[in-house]
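Labels run A, B, C and D following the written order; every chain starts at residue 1.
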């Protein structure tokens, strides 16, 4: 349904063109510092209209906290946050009222529910992710306070253009310095060009977001079903437009043999003591579904945005085959806004598992 | 934890070398036909020791039904099934007692729980999947009774060897006729050779399982978090050794543009009436996280088996760096046994969503 | 936590003196008629300040629907509703900042969370029930549309004054016509007098709410843990101030023998057909935790309101024993406002179980 | 369904006359001592046939642990336990096959599921509680290790005979020394007589179980829905034959005024320090749904056993009104076996909340 998490739990609500969108966080530990400007910063990263590369929809997306925070700290009670929908223009969607846009959710929502809010994408809109990002900002704070754990995500590939990124050293500043949120100074500008071309072509592009989490506590993950890799996969595949998830060596890893792929253990000096490390990280930071302390590295494939400017063949609700001239405002590459969303979802999963692990001690 | 599903729910239990392994199914509708030989058939497909290509562990794995079935039909009460562990040989694991085998779960379980059953893989063993497969057999029966829905899975790639398979026509018989469960008559035998070579090399191989589900009801999937693709991803990534999940065009699809990738709708004559179809299926059978009636097609990456015969560098529980001569009985390619498991998990997800959708009508 | 229900699920949020209080309903079936005036009617029944018998707090408590409803019908997506807090007067609570009011939740919240919103009762306030009542109004509509099922509740006892009420015939109109919401024309006015006396005494009273549900479908309830009686008990005992729950013959029934207590079955002519009925209803409408079609009758004990005007002995956060002169605005008998809340919770439980039962067919 | 608990979770399975009954515990912390003889002791307290006062069914009810325990300690993995059904005598139930026994679950199960195991009470049998009691034994061990928390329950009333019991001092030895498990040396023998008379009359009796928990940590309970009192109520009302639950002053408390009922706080010297206590305990150990450190005291009403020896009027599945001569083996007062069950359920609730509270710190 619309709730995610077991102990640190979010419930998102809101259609793209209803009154508002929001989230309720339940199970947040008490006495966590909440800085609303940090939440707003994350929302601004996700927001359309940040540059000429993204959708022209203009929304300030100002978050309000309605409960659960008192004098700058969490109370341990539900945290309710919302963002009002200000740019609702139902008339802009009037011509889509009876149509099923290709590779959108119009058809499946209509069949499932027998009704849909045709004024925009409804719950299937990327706007639904606002609540996730707001909640993720608080999850990030918990991870930071707990063990300086840091979750990052960035554009790894656009269309056929792949970037080189060092997962061990990449920083938020490097990511945000790039208009396409690709920290590779060579690939980034090429991606921007490619996206501009797609816009001119009335077409759209997909790509890959890569995420790295550093300073991960050992022991997060609840086998056998709530393995860390399983919950991360679910989190990512619950996002709009995602088509694939891979961790560590992923789909590439199958061309290795076991002796090449296994990550040898060794002892590393750490502070005054020693700790167990692996020399390679083909496992991507989890073994047996539990974090092993190495960086968690995963990738998510986003399909090219379904909304394009070119004419397309489709059908309407009455069974007529028709041509759709343009399927809505045209954002050629939503990928650019996706890092904040991927980071938020990863932070939510890790925080939930952190609390679950604490309950065992 | 160890429960999966919302309305059709399974709880698995059992270590690889404890007394038994089993499953409790909760929420199974009443009056479903249960044929224990069908359940046994699925378990036999999963079982090691079926051919020289798989592990030599010899277990009959005979399933017993302890509750929830009466005179051949489900009662609507919990169905408890178990398989006794007969091949427990703790002595064979004695030398591994203090070691962390590379890319196994020994280290993470020890750190998470402070204790582990070192006599085999514990819960991280592939033996844990027995309960999933037994439950999946009943889920398949529900899907069959409901709409002739059929879930299949097969080996799509081993190491670098990829197969050609027509998702629209492949049959269970074709899959089972191949010792490596690859229905491609050309690639299959090559895969068998490659696996035999790996065995001789004391090494192991990974690969890809592909799954197709046909005759899928429209409307399954519960946005925004329990999207069908999200629950399938979680199901697959909760399996041992899985490193990636992709649906439809997956990671490949990002090299297409939106106009190439979108699946155009059209009207198809169907019985006396018409229905909405898509000309291509890059979406893999879901849009907006809800099934659209097209075949559900996804792929799962399995890493090369962590257990190999070659010596490896590792550490022990006392912080010593040591050489592990052989990490256990050697099954060079567990992939061959994976189709039954992948099918079971897909059937469990679909059945859960079928019941969830029914509650809305 | 703050979520209740399995398929029809509510999440409430909001402190008594924070920005707002609200609810998110998840899993509501699509295409249900939503009339905001009906929701407002239920909130008005719950609201303080309705008569001189209730608390003088003046709040308009106007509900807003922010999502999930489109053109007067539910979309099947989350329904978000909120009520702004307008009467927040933190200064009125300043003197209570460091105190633990007797039989309030100040002490336990402080110990559990290490922090609390001392400006009112926080989550422990009766104001938290606003979200429950708003959601219950929609649940009632589903029950009505499904089978004309009607949930009623009324004041059965205040202090030592018990009412005579016929569960088979009592109506909402009779309940609402009484300022104390007791449909017994003799006991009702006496209760009003007794409450007025308690106000003059700076004291408070408790009592019993009785609820009857008529036209209940047979088969609701999910043994063994989610029995209907178990979920009703949890729902009622999750309310502030409740100290007991009993169904059917309840605690009285133990003075009967089995032969007196058992409800004999008989066949009743029903429309053109027959149906199974019981001659007595000591079972209160459920057997084996499943509804049997008879009226569901239960009672809930509410303790006397903890807030009183008389001085009381207590302690403060610093370990000093102190006298509390008056513990806040004084509502001598919250019972009068409780029927709407009890009805809402019963409706939520029944609706959840209705959807669960549908998933089996 | 058949799962109870959020972090410490049990799933029970098994019909009264199927192959076996059992339980899977999920979420049990690792490294807890497990002594199978302690589990067996609890099962023996619950078992029929302990004295002439209970049902003559003879079952050894020997528990087996199939997983989750290694060398006497929990692994943190699911603990599967079962007890085989040895006394299955389907022929004894043949005459009940088509009948609906009054105040049993035959009718409602048949209507809900369209099928039932008529060989005994199925899931509605008291035999279902075996799994709960076995799991409760482990929960008790966790509570004991954590803070010497002790859960006790005993017979407080049989029919009209009430006992005097001091909740502060009553011991397990006193309870077990009484054949009716009533620690009052005067009321106990009278209850035994009354039960014997009921047996001779072919009739049955109900009564009240009272439970006290001592050494309760402050802070257990998760408002607003998972209040401690709410989860205790659900646990108790999920048991067969329960008709009511009350905590602290319960239904009696409503005849007090607020000034009489409120529990005044005071400071008590405790070890080298001080702690907050209440002078009275009308709250029953929780305030705002959270434990306050006082003893948790609650009562549960059990109706007279539905199975009696006297003839009763009823109907059969074909709509005929018939006389049922005797409805099965006759146990005139199941109450005698209920203390072990009530203790188990209370321990399960408290353990679950203990783990939930730990996750916050």
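Here is the rule we use: a residue touches a chain if its C-beta (ideal position, glycine included) is under 8 Å from a C-beta of that chain, and two chains touch if they have at least 3 such contacts.
Since the structure is predicted, the reported quantities are computational estimates derived from the model, not experimental observations.
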item: Same or different residue numbers at the chain B/chain C copy interface, by half rule; value: same
item: Per Cα centroids, the chain farthest from chain B; value: C
item: Whole-Å gap between the CA centroids of chain A and chain B; value: 26
item: Centroid distance [mean C-alpha coordinates] between chain C and chain B, Å; value: 46
item: Mean-CA-position distance for chain C and chain A (Å); value: 39
item: Set of chain C residues in contact with two or more other chains; value: 1-3, 12, 30, 76-77, 112-113, 123, 223, 360
item: Chain D - residues contacting chain A, complex; value: 6-7, 29-30, 76-77, 223, 355-356, 358-361
item: Chain C-facing residues of chain D, complex; value: 1-4, 12, 100, 102-105, 107-109, 111-113, 123-124, 128, 157, 159-160, 198, 201, 203-208, 218-219, 221-227, 229-238, 240, 242-251, 253-267, 274, 276, 278-279, 282-284, 286-292, 299, 301-308, 310, 312-315, 319-321, 357, 360
item: Contact set on chain D toward chain B in their complex; value: 1-3, 9, 11-15, 18-22, 24, 26-27, 30-31, 64-68, 70, 73, 75-80, 82, 112-117, 122-123
